[in-house]
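Below: a set of structures, written as structure tokens.
In the two complexes that follow, subunit A is the common piece, with subunit B as its partner first and subunit C second.
Now for the complex of A and B:
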């Protein structure tokens, strides 16, 4: 298996008590690209990302991250931003940054300060006092302040005001280092993020319904990814 | 070590408000009782109840706190942060265990300090029938150390029960309860089974350890520690198992 594949997923299955979240998903993501993981709610996007970072245990299939199966070592290579509010609310922004920085060797202290300024966050503020948009920006700072080879963002724009959304998109564009990083952004809000994606995967009820290079798909179908998304999931 | 200390600090900081509240309640009850005794409203024996209540309550609080500290991680979705850390499960579980032991110690100290502040005359009276302050402090520390073993075992059982319950999608409460009962029974059986292996270990002369002859001449109490060794080893194995399950098999809420 080639190690220049940032992430390879083969025949991944995951069943919850009430639904089959993934029914044999296979993907291969080359290094240095931003992939859009697109699909409506309940299509299996979050479950797929959770399987990659070890938050849920797959029922079948294989995952390799830079050629290695998921382990403590691969956890050190992945920066994950979940859709849920995973921050300790009693902490200040600075405490959350210091806490996270302790565990990752690829942490870049200069980048944190730059991102705090760019995202307009006051590090002395308590997380419990932040708006949803501010918390989303903080979660992104915690992921982008690392030189992690694989960055996974699960619905980073969900329920976020347009101003915060624009900041987040700009932050991603500024901080992403294509020569050493790969990013997956799961979203069902394709319109605002389409320009970010080098390639896309459409997930539908736990299966891949379409995948490919974003530009090739636009050319092949003669429409934008957003229009294609609407057509596939109409 | 740095990451362990960071996790420990996080767990301690997370419970600083409940700890402050419990300390205040403990001291508040003692203050109230001491005022009632001073004004003649209550008999002096009420002081015993005021000191005993927190001491009886402490193990129950440990049981609750062991469960709550993990439950909060799931309820507030911060378990997403913990589970993606590139750290071994034992560090996370041991940090939680250590935090509860430290909190238990703090509450114990608060109770003792409160007793000395609010019921000093009664403490002085009690000292008259005891062999001396040195004897009381020594035996107090020994009892505290023994209680730490008991408390740590309780925390390990609860942690295992909670973590196992998070491996299943349904009936988590029932699974947790069964795991708790089963693990207690299991380490008990293990202690009995392994007893012959550790039979060579001499019994501990409790009367000498606690200097009981200073209290009453001729008191003899020996402790056969052989069955306990197996139980402790079993409990330690459960901690390792909990850590392994936490790192590899537990899931966030679907």
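Now for the complex of A and C:
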């Protein structure tokens, strides 16, 4: 293989008091690809992403980011966008951007204006006045304004309007730099976003039930990823 | 370029087919510049690696060539339109022949219906266009 692995997860396990969130998950992401982490709510998608970014400590298995075990340095390489609201509602868009920028050395101020424009957001607006779709677009701006080698988006399309979803899909296609970046997008609603993915991982109750290159799966099964998803999780 | 693609078939193959169609119908002419990979990806909202795979395949097929720093162009090769047309026609006919053979129909009976339907459908389209 000539490609480097941006992320390798091996036999990852995580137990919560009431359930096993991850029961031995393994995957290997080549640098430059966009992967879809697909599964219904509660399948372990968020837990997996949080383990990678270091917010959750796994009970077993290991993770390497660009060949290194998780550390302070690898943390700086990962941009994680959680599903939960992480924006202060009293801030304006501009304030939220400036506030977030102070945390990161790889922040690209020039890129912000281009992204605001593309995402059709007015920086003087207050977060509290934004729709869910607008907040989702802002969260993507915050992730893409960094030059992070590994970007993790947790449910970026959840509960938003189709126009916002299309903007986000197009924003990712335009801004993703495959020469230096790698991305994982988790979602439980595959429709209209599957063309984004190089490869997909189906996560079913903490176990990988299907994994592969998206185009190869389409050819092999003669079906869309969305149809396969519906079948597996019917 | 507007591709109304189905996600049940590999997307890069559908991108190649669309370029072939445009070459055969003359929408794209030998020597014409085609969109950059990044522009096409953004336009049809498809992963850039998928578009890259389609372009790489089209280069191998001799449909397009990429000139350093200038972009990607439909090959100047004179036979390209005819070759592509023949290839697409052969593929369509092959599918048709196999389906007809599976029904146990003869060449002569089939060809007669093909001729009749050809003119009927053409006539029908003219009516529809008015």
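As a convention for this text, the second predicted complex is superposed on the first by the 231 of 234 C-alpha atoms of A that agree within 3 Å, B and C clash if a C-alpha of one lies under 4 Å from a C-alpha of the other, contacts with A are read in each partner's own complex, and residues count from 1 in each chain.
Here is the rule we go by: a residue touches a chain if its C-beta (ideal position, glycine included) is under 8 Å from a C-beta of that chain, and two chains touch if they have at least 3 such contacts.
In this text the structure is predicted, and so the values were computed from the model without any measurement.
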Subunit A as common anchor, with subunit B and subunit C clashing or fitting: fit
Subunit B versus subunit C as contact partner of A:73, first or second or both or neither: first
Superposed arrangement, angle subtended at the Cα centre of subunit A by subunit B and subunit C, nearest 10 degrees: 160
Which of subunit B and subunit C A:94 touches, first, second, both or neither: neither
First, second, both or neither for A:170, with subunit B first and subunit C second: second
Contacts of A:104 with subunit B and subunit C, given as first, second, both or neither: first
First (subunit B), second (subunit C), both or neither touched by A:23: neither
First (subunit B), second (subunit C), both or neither touched by A:82: first
Touched partner set for A:54, first subunit B, second subunit C, both or neither: first
Subunit C versus subunit B - closest C-alpha approach in the superposed model, Å: 27
Common ground on subunit A, meaning residues reached by subunit C in one complex and by subunit B in the other: none
In the complex, subunit B residues that touch subunit A: 2-3, 6, 10, 13-14, 76-81, 83-88, 169-170, 247-249, 251-252, 254
Residue ranges of subunit A touching subunit C (in the complex, touch as defined): 32-34, 166, 169-170, 173-174, 176, 178, 194-198, 215-216, 218-219, 222-227
Interface residues, subunit C side, partner subunit A - complex: 5-12, 38, 41-42, 44-50, 53
Touch list for subunit A against partner subunit B, complex: 16-17, 21, 47, 50, 53-57, 72-73, 75-76, 78, 80, 82, 84-91, 99-100, 102-104
